[in-house]
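What follows is a set of structures for review.
In the two complexes below, chain A is the common chain; its partner is chain B in one and chain C in the other.
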Partner chain A sequence: GAMADEVEQQPTTNTVEEPLDLIRLSLDERIYVKMRNDRELRGRLHAYDQHLNMILGDVEETVTTVEIDEETYEELYKSTKRNIPMLFVRGDGVVLVAPPLRVG
Partner chain B sequence: TLTQLEGRAIAENSMVVLLQGLQGEVTTVDLRNESTARGRVVNVDAFMNVRLEDVLYRDRRGKLTELQDLFITGRNVRYVHIPDHVDIMKTMQSQLAKIHRVRNFASHGGGRKEYELLDWSLELTHNTLFLFP
Partner chain C sequence: MSVLIKVQAGQIITTLFSVFNSLSLRFWTFCPHPVSVHCTPVIGQYAGQAKYNRLENVCRITLTMSLRKQTPSDFLKQIIGRPVVVKLNSGVDYRGVLACLDGYMNIAIEQTEEYVNGQLKNKYGDAFLRGNNVLYISTQKRKA
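Here is the complex of A and B:
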């Protein structure tokens, strides 16, 4: 029979049933994303999928590096930030997704 | 290798469709190895493998190389910078429409399986895009 016109749209559920639903609650909100290789992103979540590929807007990326002082053997933590207006993030780099950390 | 049918089925259920809609756009791809490639998107497949042309490739040390053609495997993609003028919703919707138009046209006999995939993709689209302002 006819195809596209008969497809029913499922009503969007508001209940949280699985972990991805928690991310759905953050759509259009600012979020914090911890990524592999000591990177963090803060941005507005525009879209995501089941792989955790994401589109983030107004993004601030923070890359943290550690340098060891050759004489004192002190650990020197440095972070580099940059801003990107709209970013597609491949999901396999994502470690965790959370609401932005609030500084009390 | 992947048949076109399988490729469309994989792509339509994920956000790779957005990247596929960037064909012809000049973008920057950040690679996993800390290098970047800026060039025109020739093609993106279901696995996020990217072909770029007229590329400026910057390695992790900052050294620049000009490349006519660059193929990046999906696994090596960390970020894709989306150009400011791209409308994400419209791009994804028109990509999905392209997939479905091809499917509808080709589905005289083996229609059943394609119909189920169509159902699923519409539901996923609804769930992932519904909160756009």
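Here is the complex of A and C:
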């Protein structure tokens, strides 16, 4: 983007780390990824790049949908899960990356 | 841009310029009574002059603003470590302490809370947000 052109490139890691440097710390760890279209992934991060393309292993994908009952206008949340042993994720769909959520 | 503000000695005035930080200017050199000028927010740097007219009992303040070229980058450097609100294009809100960010607006936040429709939905210890989804980054004013 235009703003990126104005920011100076940081030399390797003496000064403030970039957000991507901190993702590097999650390599080989399990992570939680929130994607567009109400999708979530939980898997082991094997690789990533500056676009946030990722290789995830041992992945569980959750797709969440909302059905609205036409009569009662009740919202019914459904989630569909599937497991994928190895997955390439295209970075433009990624919204958020975090260590896995703890329950409770 | 220059603004001429006519002030009574000792009067506190507030003038809006544009968005980034708040700036307090205090003129005492030419004025026997300190006059405080609070500018919210600032887009550039200010050079100010104050002249006190004894007859009229009036302090005239002239502020001249010069635009700085790198203000967005400077703003980004300044807000690191502060509590921020990040709003995504999807409308979801994230609040937490800004750990770092880059020129693409990729963001790393600590102690993140996720708000959907104003309701707290999730908490993350660390969260990385992809810059293309970010609508804005704003500082939160904390009441002490």
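One rule holds for everything that comes next: the second predicted complex is superposed on the first by the 87 of 104 C-alpha atoms of A that agree within 3 Å, B and C clash if a C-alpha of one lies under 4 Å from a C-alpha of the other, contacts with A are read in each partner's own complex, and residues count from 1 in each chain.
Note that in this section contacts are C-beta pairs under 8 Å (C-beta built on N, C-alpha and C of every residue); 3 or more make two chains touch, one makes a residue touch a chain.
Note that the structure is a prediction, hence the values are computed from the model and not measured.
In the superposition on chain A, A:19 contacts chain C only, with no contact to chain B. Applying the stated contact rule after C-alpha superposition, one finds that A:97 touches chain C and leaves chain B untouched. In the superposed pair of complexes, A:27 makes contact with chain B only, with no contact to chain C. Comparing the two complexes, residues 3-4, 7, 92 of chain A contact chain B in one case and chain C in the other.
Per the touch definition, chain A reaches chain C in the complex via residues 1, 3-7, 16-20, 22-23, 36, 52, 91-92, 94-99, 101.
Interface of chain A with chain B (complex): residues 3-4, 7, 9-10, 12, 24, 27-28, 46-51, 53-55, 84-90, 92-93. Those residues of chain C lying in contact with chain A across their complex are 70, 72-73, 76, 80, 88, 90, 94, 99-108, 112, 122, 124-133. Chain B contributes residues 13-16, 18-19, 32, 48, 74-75, 77-84, 86, 88, 92, 100, 104, 107, 111, 115, 118-119, 122-124, 126-133 to its touches with chain A in the complex.
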